[in-house]
Each structure stands twice: as structure tokens, then as C-alpha cells.
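So, here come the structures, one by one.
Two complexes, one shared chain (subunit A), two partners (subunit B, subunit C).
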Partner chain A sequence: MNRAGLRRFLPGAITLLILAADAFISVRNHADLDRLLINGILALSAFATLHARMLSLANAGFMAIGAYASAILSVKAGLPVTLSFPAALAICGIVAVLIGLPVLRLTDVYLAICTLGFGEVVRILIVLLPGLTGGPTGANLSTGFPYEAMRRVDTGMIAVFLAMLVYLFWTMAPSKTGRAFRAIRERPQAASTMGIDIVAYRSLAFVMSALIAGAAGAFYAHSVGSLDNGDFRFTRAVDILGYAVLGGSGQWFGPLLGAGLLTALPILLRDSLGASIGFLRSFAQLPNILTGLGLVLVIVFLPGGLAHVFRAQVTARRPHALPPGRTGEGHAVPGPGVARPAPGTSALLSVKGLGRVFGGVEALSGVSLEFDEGGVYGLIGPNGAGKTTFINLVSGLSAPDSGTITWRGREIQGHRAHEIARAGIARTFQGVRLFDEMSVLENVVVGHHSRVHTNLASTWLRLPRETREEKAAMNEAAVLLARLGLSDLAGRPAGALSYGDQRRVEIARALALDPRLLLLDEPAAGMNDAETASLGSFLLELKRRGYTLIVVEHHMDLIMGVCDRIDVLNFGRLIAQGTPAEIAGNEQVLEAYLGREEG
Partner chain B sequence: MDLTLLADPVFLAQNIVDGAARGALYAVYAMGFTLIFGVLDIINLAHAATFTWCAFAGWLVMAQLHLPLPAGLIVSMAAGAGIAVLLELLAFRPLRRTGSDRLSSMISSIGASLIMVSIAEAVFGVETRRFPDSALDPRPFLLGGAGGLRVSRAQILIVAAAAVLALALGFFIRRTRMGKAIRAIAANLRASRLLGIDVDGVVVITFVIAGALAGAAGILVGLLSNNIAPGMGAQIELRGLAVVILGGMGNIEGAVLGGLILGLVETFAIAYLPGGSDIKDAVAFLILFLILLVRPNGLLGRKSAVDA
Partner chain C sequence: MIPLLEVRDLSVAYGGIEAVRGLSFSVPEGSIVSLIGANGAGKTSTLLAVSGLVRPRAGRILFDGQDITGRRADRIVRAGIAHVPEGRAILEPLSVAENLDLGGWILPDRRSLRRAMDRVFDLFPRLAERRRQMAGSLSGGEQQMLAIGRALMVSPRLLLLDEPSMGLAPLLVARIFHVIENIHRSGTTVLLVEQNARQALRISQRAVVLSHGLLLRDGESRSLLSDPVIVEAFLGKA
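Moving on, here comes the complex of A and B:
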């Protein structure tokens, strides 16, 4: 293992050491150790969703399903645990898909609300089906779940499962899938403009979470040896959330840390203090109060959780050594695979009668424009003229209320952002939306998302394809960074860069999509004159390479210097169009725009 | 389903009365909840815990101090306002300062809720308490003799209180200067601050109103079901969420409409479906799930539910 790998591994190793110490100090019997391990599994189930910026409170519900399903199948149907366990997981997966379908396309809070209700319904069903589940008082000796028949797992099996999960999350973190999750977690909109299908990844995360919680439930049933629907109350969901939030949901070891602390502390209190301090013993609510306090305090004061202490090195992969001869100024920017449109076909992009209304205000109204391949187009206008709205509509972040957007002969209005990104339209954002916690190199590699042909199987099995594809993406990203003079910064977290550098990284990330059309929303904002001038020459080089550019900018020198044509918007309407010279002399434009710009 | 029941007009009327009272109660609870979401984009999952503490405040005043119902109501609403302001100051305002997203405020409210419920369990124990009969005469009015319609004083009070509170809140939001400030913040918090609105002050007022509504709901629940326990919040939490989503998140008229619908549907499910009383707790979730499936913005929706 090289140094970079070791550094990546270190936080995890420390966490495991702490967990081991916790266990060694506090665990007096196997029941406690089982609980510690099971809570660790539960913590990872919360991590799976939080990691994709979803708050799911369904973990307790899926845990209940896993527990009851495996108990019923093994004890009542007589299946061996080796069959009842995967069957229970399959049931959890199916339920997760059914629950997730309507909810995952909605905004974040709806998932939380729906899953909160789901947990309650599972408990109601358990109570309503006493023949199957033993009813409200639970599955115990009297209702056909003999303790001896239930006790089917030992601590070792749970530990092996947890270790396996750790491996899965650990190897996933620096993979295509892990990057997509982290991108969604930091900036969902920017992630979708990188070609990442947010709904698909959220569905994956939700199902993963359900399977893991179901597994924890099955282990729980066979470890405790009896079941009570009260074990899966909302408090349980909050506990699980507490593990992940307290430990930190940015990296996989955070939730484990949280679970270790929140499980071991009460055990420690019980074993060492409880005996001597009667007050604590009687105060059964203390663990809950501590969990609650922990949630509030961590969210307010330490949003990254305790794992933030280890954040010096995030899971970011260090840049590979750049291949010789492929670095530095003057190297080719990869062109957009210049296949000119067949003769006779129309513009690369054309919009007709485009309109968008926000709360009664026409942000854009009846705008029709054509953009030919290889041109550089300036889009200018006063604040609120509809420029960013235009970019958002073309890039699919919002859908037009009227009009059509035709891209290479195909209407794309209303398509989702990741589809449009994959079709060859990339964009940058007005206020820079990088994935701040990722390295600069990783940001650019996210841009390669739809061109990296790996999946979880190749990641987990360490197939040769995984290494090959990852290395190729890293190398291409490194070349892009070199061209933009950013090689030195490749390993730095993007959030730590200066504003000007962040803008350049954002352009590199957009280019990584291998687009034909690049939409730049105020690329020179926050740049000084020298930086703007160098940006200008870079844009011209992109043009030479065959890219088509639409540039929204207030910086007139830049616009006048690089654009073939300038379109002027005011109050959502197109008021002028022409060459830079024509626009500079246009009375209407001067009045609407330049005239009001001081200096 | 028992068809003879369908034909019985008294039974039908009885269920409408019961359902309306139940629904009015949900409406009072949900109005405060949806107000906070509409103004601040915060899903305050500690609203139910606030409600629980308010019911206990009312119980202390009426059952322990033997004061009359109006005193209980006033103390309960004041307690709700106070708790809600504490929540704002300790659990929400610090997050607004750091510009956290709404999942953070939701998690913070879950933590606060757990603390509040746990303390209630530690202080009051888990057993059920009741308001004294002296608070409100429990004997119902009988319309049409012994086999006729039974309407309790609590039901009349709940419906009347819900109507008064809904109208007062509507008037306050639409017609007063403070209401205008609240709507401005709901539309755009940052712009409101730039325009010189005392955002923090107005937000505190918003929490006072929401908390007072939770307080009123706490007393009304106590009168209707006479079942006050630390776990009572869990009963209404999910229903409140279903009501708010049914009506449209952040929409106060929607909360009233959604409350009435849920109250009626639950009551009719219990009355007309076999095993209805067993599934009544699941009705809220079914409604919630269906509405998310077919009309995620709710019946009178305002805020967009679908991701851009």
C-alpha cells in the first residue's frame, strides 16, 4: 500500500481502534457486543441515505421488516437462516422500491416525512397480524418463537457482516458511484449538470439503506431471541440518525464512530456508574436525552460530525503521477470529437418562443435564437434580464413554460439536466458550484461521470476494468487541469481555492463532460483584468478547438473581444442582436444596458 | 361493511359531527406546523413535543391547581409560545446563521423533540393523566332523545375554537403590518432583511403564534380524548404531517381543509370498515402516501415539491 492509500486508510483504522477499545472496555457479555455491532450496521444504513443528502427515517421500519421476516421464515417456515436472511433482505428491497418510487423524485423533506410515516405503519401492521408476528406483545415463547429456535447467529457472524459492509463502503468512496453520491450530497443541481442521474442514485442509496437496515434487523432478531414491536419505534429511527449525525455523515467511518459512542456510553454508564449512583439508574431517559442533545449540538456546532476531526485527508484520491509529456502549457485541449453536422442540417441549438414565468413575472418571454456550431455567442443584459433563466432552461435545470429548445435536430425542452448534459451541453454557474470537499482533480473527474464505465460490481470485485477506467479518467482530468494551469492545485480541496481558481476548475469540470456546447454564466466574475484577459484567450482557443460557446457576462471587454455575435436581453425579451461593433453602437442597448452601467 | 349502517341517518350525522371535531383538532395543530414551514422552510418535528408539554401545562393548571378551563387554555398557549421561542433561539436560529439547509433544521428539531419527550417521561412518568371533569362537563347534549345524536361540549368547543383561531390567523396574516412582514419573509428572507424588516423579531412572533396554536391543540386533545401522556405527540405527529401535505405545505387554508378531511376519513373508516379502529392509525399514512403519489403539492399547494 502506498502512502496515499495509507493516509486514506488511517482515519478508518483509528476509528476501528476506538471501536475496539470501546468494546473491550464496556462489553461484559455477548449481548452488548452484538448490540454494538448491530448498531454499527444500522449506522451504515443511515449513512447510505445521508450520504446522498437524503434524510430517511425508515431505518427502524426496515429493521423491523428484516427482523420479523427472518424470524418468521426461519422459526415458523423452518428455513435455515442462510435462506431466511437473504429472503428477508429481498423483502426489504422490494418494499424500499415501492416506497421510494413516488417519493424520491420529490424534494428532500418529503422523503423524511414519508419515511417517518412508513416506520409507524410497519409497527401497526405488526400489531395487526398477530398470527404471523405474535402481535403487540411481540414474538416470544408463548407465540411460537422459542428463544432457542430464534438464537441462530453468533457475534462472529455479525462482525463478519459489518466488516464486509465496511469494505463495500470503503472501496465505494473513491469510485464513480462514491463520487456521484458525494457530488449529490454537496450540490445536487451541479451534480445533475455533470450527467449524474440524481433520482437513480437516490433510489440506489435508499435501497442500499433498506437492505442494510433489514440485515441489522435479522441479526437483531436472531441475537436477542425475542421480538417486540416496541423495539422499532420512532425513537429507534432517531437513535440510528443520531449515530450518523453525531459521527458525521461525510465519510463512512463517521457513523461507526457515532454508533460506537452512543452505544458504549450508556453501557458504560450502566455498568460503572449506574451501580453507585442510584439517580442515574432510575433516570432511564438519560441516554435519549444525551442522543437528543448530541443531535442538536452537533448539527449546530459541528455539522461534519465527530469524524470531522479526521478530515485533514478526505477520501479523495491523490492525483496519480501525471504521465510524462502530457503536462504543461500548450498541450491540446481535447476537442469535442469534431463531427460537423451533416450539410443542410440547421443550427446546433435553436430556441423558439422560449418563455418562463416566475410567480407572475415573465423572466423570459418569446425568445427565439439560433446558435451555429463553432461560434462564440455573448448573452448580455441588465440584472434580471433573464440570462441565467435562459441558461437554466437550456441546461435542463428548469423547464420552459412555452417554446421549444432544439439540440442537433431533437427537441430537448423539459428533459432532465443529466440527460441534457450527456447529450453534449455543459455549463458553469454564476456563483461557482464546485464540490468543495472534493479535491480539484476529483471535481474534474466527476465531469467524466457518464464516460467512466464502471459500476459497483467492478468496484467491489476490483476488476481490472475499474483500475483502467479510473486511471484513464484521472489522466484526462489531469491533462485538462494542466491546460488550465491548475496542476499544482490538483490535490487541494476545491473549497480552499481562490475564487478565480475555482472558476477555472469549474470550466475544466464542464469540459470534462466532452461537450459540444459550453454555457458559461459570468465566467469572469471576480477575476482581475489579467485573469480576464487570459480567460478571453482561453475561450478563443476553445473556439479554435471546435467548441461552441454561449457566454453570459457583464465584463464588456471580454464579450467584445471574443464573441462572434451578441444577443441582448432586457426584461425577458430579446431587444437586439448583432456583431460586437453593431451592439456597441446600438441606441436601444445603450439605453437599456450600457447607459446605466457606470464607467 | 354493514349496509344497514349506511342507511341510518343518525349514525351518519354522528360520524360527521365526530369527524368534524376530530378534524378541527388536527387543523389547529397543523396550522402552527404549516405556518413555520411556510415562513421559514423548517419542518419542525418538535411541534408535537411542544403540543405534549402544553397538554401537561394545562393538566397542571386544571387538575393540580384546580383552576378553570380558560386559565388552563391561557397557560397552555403561553407555555406553547414560550417553548416554541426557545426552540427558535436554541435549535433553529443558530442554523439560520450558518446558512444550513432544511435537513439540518429538521434533524435539529428531531433532537429537540427527543429531549423534550424524554424529560416529560422522566418528570411525569409514562402513565396516562386526565383533565378533571370540572374543566368541562363531560355529559353530551342529546339531540333527538336517547337514540339520537350525541354532541359533547368538548366537540362544540373544539370546532368553535378552531374556527376562531383559523379566522384570527387569517386576519393577522393578511391584514396586519406584522402579518405583511411574515409574508414578506416567507417570500424571501434575505430580501426582507435587506429591506429593513427585523427578521429575527418577526420570526420570534411567528414561533409565538405557532406555539400558541400547539398549546390550544394540546388542551383540545385533552378535552376530546382525555388521554394525556408523554407519548401522545407520536399520535398526532404523523397526522399533522399528513394534514399539511394533503393541504399543501405552508398553506394555512390547506391545513384547515386537510385537517377536516383527515378527521372525517378517519372517523368514517372506524365506523364503516371492518376492523376500522385497528387501521385508523394507518389512514393518515395512506392519505399521505397517495397524495405524494398523485398530487405532491397538495390540494391547495403553494411550494413546489418537485426537484428542479
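Moving on, here comes the complex of A and C:
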């Protein structure tokens, strides 16, 4: 294994070592070890939703479903665990899909409340079905639920399952899927303009989380040997969230560390305090109090969680340093990978009567414009004239109230952002929306999202295709960065770059989509005159390569120097259109925008 | 005479990345000093260190002869330094008046708050018209005025301005530079970070030029305007 490989392996190894040490120190009996492992599994189920920016508290509910399903199949149908376990997972999966369909439309606190409610519904159903579940008292001979008949699982089996999960999350992190999740977690809107289908990925995360929680539940049932609905109260959901808070939810091993500590610590304290200081035994809650104190200390002093300590190393392990000696020279920017249409065909993009109202104010009203393939178009106007609104409508981040947007002969108004991105329209943001915690190179590779043909199966099975496609995307991204003069910064976290450099990374990321049309919202803001001039020559190179550009900008030198046509907006309406020379002499434009005296 | 602000051997680093490396310069009282340089040269990091928002790795920052290195940001405001951050950082859901209120957090009573606000409204009549309006609904130029007005609430002796012209239409850029000259004329010392280097050099007396975190030039703005190295690197063709 080479050094880079070793470094990749390190966090995982450390985590496992810590877990092993935890287990070794604290385990007096198998029940404690089982609990440690099961809580580790639960921690990963929390991570699965958190890293897709979903605060789901449904884990306790799915844990209950998994536990009762496997227990009932084992006791009543007499199935061996090897059958009842997968059957329980299947039930969890089905329920997750049914619940996910409506619930995943919600975000943030609404999702949390709704999933918390789901957990309680599951628990109440358990109470209301005593014949099946043993009802409120759990193990109760009169209900005919003899837990004694339940098959037991081995601690080893739980450990193997957890190890498998660790492998799945570990290999997923640097893959296409892992990147998509991290992109969604940081900036969902920007992720969707990279062609990432947010709803699909959130659904995937929710189902993954449900399956993992269900597995934890099944193991719990077969390890404890009896069930009580009280085991799955919302406090359980809060405990699971606590693992992620303590450990940090930025990396998969964070919640795992949190679970390890929060489980092992009370056990350790119980064993040591309970045995040595007799009178303390009356304070049954002391271990919990001390654990809670530890949690508070971590939140105060390590707000990113324990895993935050590893973050520096983790960022360092992802630099994918460029091959030495690679500079911008000699590396052409790849052009749009599509055949040019014959000249004289209809416009590449045309908008008709486009309108958008925000709270009674017409941000854009009745704007009609045509853009031909291969042209560079400037969109200028005072602040608040509707330029960014125009870009948001074309890129699908908001839907127009009136009018049509026709892209290569097809109407696309109201389509979702990731569909428009895949159709060949890429954009940058006025307020820079990079994925700050990812490296610069990774940001650009996210742009390759819909062109990398790997999936979780190829990631987990380490198929040759996986390595090949990843390497190709990395290399292409490196070339783009080199061309924009960003090679030296490739390994830095994007958030650490200066404003102007971040803008260039955004352009590289947009180009990685292999678009035909590039919408640039103030690409030169935060750049000095010399940097703006070199951006200008880069835009002209893009034009030569066949890209079509729409540029919103206040640097008039740039606009005048690169544009074939300039459209001027004021108060949401088109007030002028023409060549740079025509616009420079237009009375209305001078009045509204440029000003008369020359600095 | 001691300068109002003196920066000695300042180094700022984020993790292992050094943004500013041993920078020294001073800002005389009553002047406008521009801080210019390419992207990533360390301009913003320097301002952040002066206003206490990042802790310098090494070096000293003296304000009016007093060492303020590593002091808490709120204490530095009380000492008389106000910072207008890059990208404005106004509080969008709050009204214009509420934003200004917060700018005057350290003022002792309602009356001085009112007086400070009136002063800001005199300077920016546009903000007075929109005092009840949500700050996020202002145009870009008005937001920049609000950010500057918020900093002026405490009548600072030193105003740190980080790219005030960014993202503004050409008409407004000219107006912002007029505003800066007016503020300076009324007696406030200004340390100005600008990408619009030509304009910045025109209105400032001295300029400090940074490159990769190091001092490249420190001199009179007028002479830098014709310095071939500066013209080549930052000003482009005339």
C-alpha cells in the first residue's frame, strides 16, 4: 500500500482501534459489547440521513419495526435469524419508501417533527397489537408471546455487520455518490445546478438509514431476547442524534466515535464507580450525569464534534495533488462535446415574454430575447434590474410566472434545475456557492456528476470501471483547474480561497458539466483589473471553442471587450439592445447605468 | 508623531496556509491608505487581524500607540476601529434602522444612538427614506451604504473598508468613492482594500501593495500610479 493509500486508511483504522479499545476496556459481558456494536450501527443510520442534510428522527421507529418484525418472525413463524433478519429489513425498506414519498418533501425542522411523529406512531401500534407484539408489557405469557423461543445472535455476527457497514461508508465517501451527498449537505441549490437529483439522493439516504436502523433493531431483539415498546421512545431517537452531535456528522466515522464513547463511558463509570465507592451506588444516574457533562464539554469546546479533530488530516488526505509540472500552457479547454448545428437553424435559447413577480414587485416583466449558438452576450443594468432573476429562471432555480423558455427547440420553463443542467446549461452564482469543505479539485469533480457512470455497486465492488471513471474525471478536472491558473490551489478546501479565486473555481466547476451554454453571474466581482483582463481573454477562448456565454457583469471593460451583443435591463424590462459600440453611446443606458463623467 | 495604526511583522495563517507573512506598514492619522494586491494576496486577512476577527500567528498591531494584538473584536470596536466586511454582511431580515441600531451596540444610551443614526442619515439620505424597509430588499448600492453607515454609528477613528465597490454598477462605484472621500474629509482615517486599484490610488494618499502575503510596495499613491510593476500587475492598460 502506498503512502496515499495508507493515509486514506488511517481514519478508519484509528476509529476501529478506538472502538476496539473501548470494547476491550469496558466489556464485562457480552450484553455490553452487543450494545456497543448496535449503537454503532444506529450511529451510521443517523449519519446516512444527516450527510444528505436531513434531520430525520425516524431511526427509533425503524429500529422498532426491525426489532419486532424479526422477533415475531422468529418466535411465531419459527424462522431462523438468517431468514427473519432479511425479511425484517425488507419490511423496513418498504415502510421507508411509503413514508419517504410524502415526508421527503419537507426540510429541516418540519422533517424532524414529522419523522419524530412517525416513530411514536410505530410505538403506539406496537402497544395496540398485543396479540402480535406482546403489547404494552412486552413479554407477557398471557399474550402468547414467549420470548424464550427467540433465536439468539452471536456478538460476532453483529460485529461483522458493523464492519461491513464501515466498509460501505468508507468506500462511498470519496465516490460519486459520496460527493453528491456532501454537495447536497453543503449547498443543495448549487448541487442541483450540477445535475444532482436532490430528491433521488435524499430518498436513497432515507431508505439506507431505515435499513440500517432496522438491522440494528433486529440485532437488538435477538441480543436482548425480550422487547419492550419503551425501548423505542423518542429518547432513543435523541440518543442516536447525540452520537452524531458528539462525534460530528461531517465524516462517517464521527457518529461512530460518538456512539462508542456515549455507550462505553456510562458502562465504564458504572463498573468502576459502582464497585469502588459503595455509597455512590445509590446515585443510579451518576454515570448518565457524567456522560451528559462530557457531551456538554464537547459541544462547547469542539463544536464540529470529535471527528473535527481529524478534519485537518482528512482534508490533507484528499488533495489529489496534480502531476508535477502541469501548468495551464498546452492544455486546451475541451469544447462542448456535441456536434455544431448547421448555421441558420433556430436560436439555441430563446425566451418569450418572460415574467417573474416577487411579493408584488415585478422583478422581470415581458422580457423576450434570443441567443444564438457560439455568441457571447452581455446582460447589464443597475443593481436590482432583474439580471440574476433572469439567470435563475433559465437555470431552473425558480419558475417563471409567465412566458416561455425554449432550449434547442424544447420548452424548459419550470423544469427542475438538475434536468436543465444535464440538458447543457451551466451557471455560476453571484454570491459564490462552492462546496466550502471540499477541496478545489473535488468541487470541479462534482461538476462531472452526470458524466461519471459509476454507482454504488461499482464503488462497493471496486470494479475497474470505478477507478477508470474516477481517474478520468480527476484528470479532466485537473486540466480545467490548470487552464484557470488554479493548479496550486487544487488541494485546498474551497472555503479557504479568496473571493476572486473562488469565482474562478466556480467557472471551472460549471465547465466540468460540459455545457453548451454558460451563464456567468458577475464572474469578475472581486477581481482586480489585471485579473479581469485575463478572465476576459479566457472567455474569448471559450467562445472560440464553441461555447455560448451569457455574462452578467458590472466591469464594463470586460463586457465591452468580449460581448457580441449587450442587453440592458432596468426595472425588469429590456431598455436597450445592441453591439458594445451602440450601447456605449445609448442615451438611456448612460442615464440609467453607466453615468456620464468618465473617472 | 506616532501613526494611528501600526502593523509590525504581522503573520496570519489558516491551518498550514500562510495568508500574510511578516507584513509591516502604518496608517497616519487623517489619511486614506489603500491596501491593494491580487486575489489571495492577504488583504482581507490583514483587515481581519486588525479588527480582531482572526488571531495573528505572529506580529503586533498597535492602535494609537496601544498594543491591540489578539484583543477581542468587541473591545477593538470600543477602542475606535470599525470594519465594513467584504460582501457587506448586513443582517438581511432586519430593517435598515435595526441594522444601524446594532452598529451602535456599544453606545451608552438612546440619545447618543439617535444622534449617531441622524448623522448616518445625513450622509446617506437614501437610508433615511428606507429606514423601516428590510435590509435584504435594498439594492446592492444601498446595502453597501448601509454596511458603511452601520460601521460609522460608533464614530470610529479608523474605518476598515473591504472592497466597498464590489458588485456595484459603474454609476454606484463612482458614488461610493465620493462617499469615502466625504467620510475622510469629516476626519475619519480610512484603510481601504479595493480591487478597483486605479480608483483606490486616486483617492488615497499612501498605498500598501501586497503579493502572496508579502509587502511588495509601500509608498505614495501618486507615485505608485506610474510605477511600471504596479501598472503591469494591477492596473492593466489605461
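FYI, the second predicted complex is superposed on the first by the 534 of 599 C-alpha atoms of A that agree within 3 Å, B and C clash if a C-alpha of one lies under 4 Å from a C-alpha of the other, contacts with A are read in each partner's own complex, and residues count from 1 in each chain.
Everything that follows uses one rule, which is that a contact is a pair of C-beta atoms (placed from the backbone, for glycine too) under 8 Å apart; a residue touches a chain by one contact, two chains touch by 3 or more.
Computed from a predicted model, the values in this text were never measured in an experiment.
By the touch criterion defined above, A:103 reaches subunit B but does not reach subunit C. Once the two complexes are overlaid on the shared chain, A:82 sits clear of subunit B and of subunit C alike. Using the contact criterion defined above for the overlaid structures, shared-chain residue A:533 touches subunit C, although it does not reach subunit B. Using the contact criterion defined above for the overlaid structures, shared-chain residue A:121 touches subunit B, although it does not reach subunit C. In the superposed model, A:53 lies in contact with subunit B only, and not with subunit C.
Set against each other, subunit B and subunit C touch different numbers of residues in subunit A, with B touching more.
Of the two partner chains, subunit B is the only one that A:291 touches; subunit C does not reach it. Annotation: subunit A has no residue touching subunit B in one complex and subunit C in the other. Within the complex formed with subunit C, the subunit A residues making contact are 312, 381-384, 430-431, 492, 496-501, 522, 525-533, 554, 556-557, 593-595, 597, 599. Residues 53, 55, 102-103, 105-110, 112-114, 116-118, 120-121, 124-125, 127-128, 188-189, 198, 233-235, 238, 241-242, 245, 283-285, 288-289, 291-296, 299-300, 303, 397-398 of subunit A touch subunit B in their complex. Looking at the complex, you find that subunit C touches subunit A at residues 14-15, 17, 36, 38-41, 44, 86-87, 139-141, 163, 166-174, 195-199, 202, 232-237. Chain contact summary for the complex, subunit B toward subunit A: residues 43, 45, 90-91, 94-95, 98, 100-104, 106-108, 110-119, 121-122, 234, 237-238, 241-242, 245, 249, 275, 278-279, 281-282, 284-285, 288-289, 292-293, 296, 304-308.
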